[in-house]
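Shared between the two complexes below is chain A, which has chain B as its partner in the first and chain C in the second.
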Partner chain A sequence: MSEVTRSMEATSGPTAARVARRRVAMPNGVWGVLLFIATEAALFGTLFATYWYFRFNSPHWPPQGVEDPKVALPLILTGILVSTTIPVFFAGRAARAGNARLAWILFFVALLIQGGYFGVQVHEFLSDLSKFPPNETAYASIYFTLLGAHHAHVVVGMLLELWVLGKLLGGITNYRLIGVRVATYYWYFVNLLAIGVVFTQIYPSL
Partner chain B sequence: MKANRRLELTMWMGLLGAPIVWACQHVFGFGVTQAGCSIGSKSWNVPIDTYTAIATSLAGALAIAGLVASVLAYRAVRDADIDAEPPGGRIYFMSICGIVISPLFLAIILMSGIATLILSNCHQG
Partner chain C sequence: MATVARPEAIRRIHRLERIWEERPGVLGWLTTTDHKRIGILYLFTSLAFFAAGGTEALLVRTQLITPNGNTLSPAAFNTTMTMHGVTMIFLFVIPISTGAFGNYLLPLMIGARDMAYPRLNAFSYWVFLGSGLFMYVGVVTGNGPNAGWFDYVPLASRTFNPGSAIDFYALGLIFNSISSTAAAINFIVTIFKLRAPGMSLNRMPLFCYAFLAVSFALVFALPALSVDCLFLELDRRLGFNFFNVGHGGNVLLWQHLFWIFGHPEVYIIILPAFGIATSIIPTFTRRRMVAFPMVALAEILVAFIGFGVWAHHMFAVGLSTITTIYFAAASMIVVIPSAIQLFAWLTTLVTGKPTFKTPLLWIIGFIVFFIIGGLSGIMFAAIPFDQQLTDTYFVVAHFHFIIFGAAVFPLLGGLYYWFPKVTGRMYNERLGQASFWVTALGSALTFFPMHIVGLLGMPRRVYTYPSNVGWAPYNLSETIGSYILAGGLVLMVVTLVWAYFRGPAAGPNPFGGATLEWSIPSPPPEYNFAVIPTISSAYPMWDPEDREHDVDKLNRGEMVLEQGHETPASTVLDGYFDEVLDMPSNSPWPVITALMITGIFAMILTGHLVAMAVFGVLFALSVMGWHSVEPQEA
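Up next is the complex of A and B:
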């Protein structure tokens, strides 16, 4: 009988951590999230391209009657969101080391910060909607589509983290470790997107 | 070992073939439309419909080739399953992804090309 633990048999923290350390090929779950991220990147690529296409075809950007976007608050909020990369990164490391408790705490901290970020962003989004509705100009249309799409991705990331938090309560297994990896990779992508989105959003004021 | 590498290559061609071809068709179509409809280049008389028909046919054929590559990769590892050791498990999973996405991209390629051919050029709506 082989003494090497198979990934399917890794149903406890230490064995799952041992399997993860020994793994040389990426599991299919990680390939799956990378493919998903590729499709999301294509979606945001088209949104950014649309924004700049409109920009280069408009003499006034934003159009007359629409005030320039704020700079400080979106930058601060994005900075806060991007800072959650740190607890998410260390949560992933803790999970790989077989420490479910520390991973849970770090994911929870990240989720709290992301929740606060999302709350303020929703308030700002609704406030902007009342000032320049998306059906009035191409600028407003792409502005709200881009921001709305990013906020939707933040929600998906938070739901993914919530799911991971629930699973980690039962300890670490090989499958849960892959789930943690999937959630962390997705958050890195959402945070990277946030940087692109915020600079596109505040560009008219720069 | 060599057979595995060939199989992996077939899998990647099946997975990425149709999306890359669609991206190329999209960018090419945008360029042709800009060249054919912009004020500065209208005098060039770019044959938009001819270029679109050629690009759509070529892209459609390549997307079908991508689908065939995915089916071939899947058939080679069909006895494996999603949790099998790599490369078998990976090829199994990725070839299924290729089989799912290639027809979708083929549909996008055809709809985009046919719409350009049916609708009148250089007009909105």
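Up next is the complex of A and C:
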């Protein structure tokens, strides 16, 4: 039974990497986050469907009295958020290679950019709320619900990153390596969503 | 058996007992992560809700026993009728099938020592308990949900339903779906990853296929319900306009989203019953299931097609012709996988040597009710027929044949079938059979006349009816039937309670069952399997050489995994041995985390946003506590 992989014995970068290489199937933690993403995707699918359902049942979009949304700023912000895919991706690679320090720095960079993005978005959200509040139109209702749902996911992603940053300070283990993968996959998903969300956001102006 | 366990094997078993020992007492139950204990918790909680939902049904029937009845006031009738539906669906059938049967049996059937995420499993239970109590707090305080189980707007909107009744409904269901989603993800990963090495997907019992299909359906269907309830709460609390027609909203949106969840939900309810049927039939016919791969595919296909038929609940609301025709055609397709399974069960029964013991009787009852309910279901796919009979008692008759006769009968049969495994005691066969006949007679008497009274035009959900319309004799029969039905269930409880205290010892495999749960002692030890079993077919107990091989392995110390809370993980399709996992043991965090979520929902309901934020922070802290100790440090 020397071939048995006891993954929990992997408590350093190189051994964790060796366990990950020898493992054939995806670890349970990764399966878990993929299924969680699947259910989240269904949730956003429902929100998007609602948006288009309203749009195709409305003669005016946006409804009369609501000005057309901005195009440039949301696109730029989304571009910035999506660009954090790059540090997140390389952070995951660095962690797999056993380089906890580099992974930490890259996650930190990503977190800073995402934090800045989130700050500007909250400001925009509040200023939009005063312009066309959701208790006036169905358009505003789904607009703010979609954006709010996405912002909430950005917050969850940042909390995940914070947790990973804390864990990586103590080096890499099999457990933390799976945690890093969970955080990176979650961010790929949030960034992908951002593209769909910004499209609904700017669509009335196109 | 030719091979016997040697002293070193006994020592290994003692070692496993020490490692897997559960904490005693109430604290042990609060912190348990053992899938069997969690299954028991689920079982008793969902049975308590079954009793509540059943009492509500009896109240409704008592009110309708004569024309112009006055047992319940109109308002009390609405709450009782709504809570009957909500309780039976969300607090009884789903939790007992996935939570109790799935939790207890799935790891045993695939040769695993626990679920993939034991603590998440405990968390699912505590959240389920919290959400059930949450909704019943509404009932007790006079704010029980009262707009029907599908809660259509505008009836459920703030304008027509002020007060907090609908808030209990909407928040309660969002709360409840957290539990179901977590459980579903847990099942999928358990089925994919924790099967004993050698159990490739084609050697997995059909029971597990049914639960796999259910879990995937839950993962994709529940968000629609949660989002729908979120919209409703935003409308009611913050004045959003999702369902407010005057401001560009649309009341049909509620119906679409509800049924995008609601129809898969119907199959979520019935699929575990299919899984139980495919476990019981082979055992009592002494043969393998006919058309195994076809049945497995049909189980998954039912769940898949279930996502494309939702608008057949909305034929009468004025959708476009092309839409209704599409959904009528799609609904007809459901017949195909259903018929595949039906003919597979029947062929297995006909070509096997059936012995009509209690569990098989329930399955026969299930098949009869499923055929009748299925046939009346096909009628509804005919659009004019549907438009004529929608919202009449004919619909009530149809879906009670399906979700009581077809979905709950196998659950009750399953209770008998696995009772000896869980308790180690045997029930009295005669009493068991009697309880079946009484319940089946009561069900037929309750639900069959509903067809006729529906055809006569009696609408569903009316709290009373006049005496000059000719509905009285049918309603009388229904009410009498419902009391007989309840009597059958009471007889079943008496049989099982008596068996628990006085029944003879059952032994590990009293029925000659084919799946792995029968290979271990009754009741099962905490570690489930002393040695991870060898598997070469989907009917491992009918491969005696494999079971002898298990004893050899135990003697040699191979695949005993006695260094900690260990269980093997395999590859997803082929079931090759991949790695050894260290499973968490008792943990206080699941129950604490669930408590914080309960606090969050209670504070949203009462509108204390600051207190809600406090609970939110406590929730985040308890999630951190949950993850503070890594497995290798435990």
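One rule holds in what follows: the second predicted complex is superposed on the first by the 202 of 206 C-alpha atoms of A that agree within 3 Å, B and C clash if a C-alpha of one lies under 4 Å from a C-alpha of the other, contacts with A are read in each partner's own complex, and residues count from 1 in each chain.
Quick note on the criterion: contacts are C-beta pairs under 8 Å (C-beta built on N, C-alpha and C of every residue); 3 or more make two chains touch, one makes a residue touch a chain.
All of these numbers come straight from a predicted model, not from anything done at the bench.
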| request: Following the overlay on chain A, give me a clash-or-fit verdict for chain B and chain C. | output: clash
| Looking at the overlay, does A:Asn57 come into contact with chain B only (first), chain C only (second), both, or neither? | second
| Is the number of chain A residues in contact higher for chain B or for chain C? | C
| What is the contact status of A:Thr85 with respect to chain B (first) and chain C (second): first, second, both, or neither? | neither
| request: Give one of first, second, both or neither to describe whether A:Trp163 is in contact with chain B, with chain C, with both, or with none. | output: second
| task | For A:Asn28, select first, second, both or neither according to whether it touches chain B, chain C, the two together, or no partner. | result | both
| Across the two complexes, what residues of chain A are contacted by chain B and by chain C? | 7-8, 25-26, 28, 31-32, 35, 42
| Once bound in the complex, which stretches of chain B touch chain A? | 15, 19, 23, 82-83, 86-87, 89-90, 93-94, 97
| note | Counting only contacts in the complex, chain A reaches chain C at residues 1, 4-11, 19, 22-28, 31-32, 35-36, 38-40, 42-43, 45-47, 50, 53-54, 57-58, 63, 134-142, 145, 159, 163, 173-176
| message | Please output the residues of chain A touching chain B within their complex, sorted ascending. | response | 7-8, 25-26, 28, 31-32, 35, 42
| query | Once bound in the complex, which stretches of chain C touch chain A? | reply | 116-117, 181, 184-185, 188-189, 192-193, 219-224, 226-228, 230-231, 234-235, 238-242, 244, 247-250, 253, 256-257, 260, 558, 563, 566, 569-572, 576-582, 620, 624, 627, 630-632
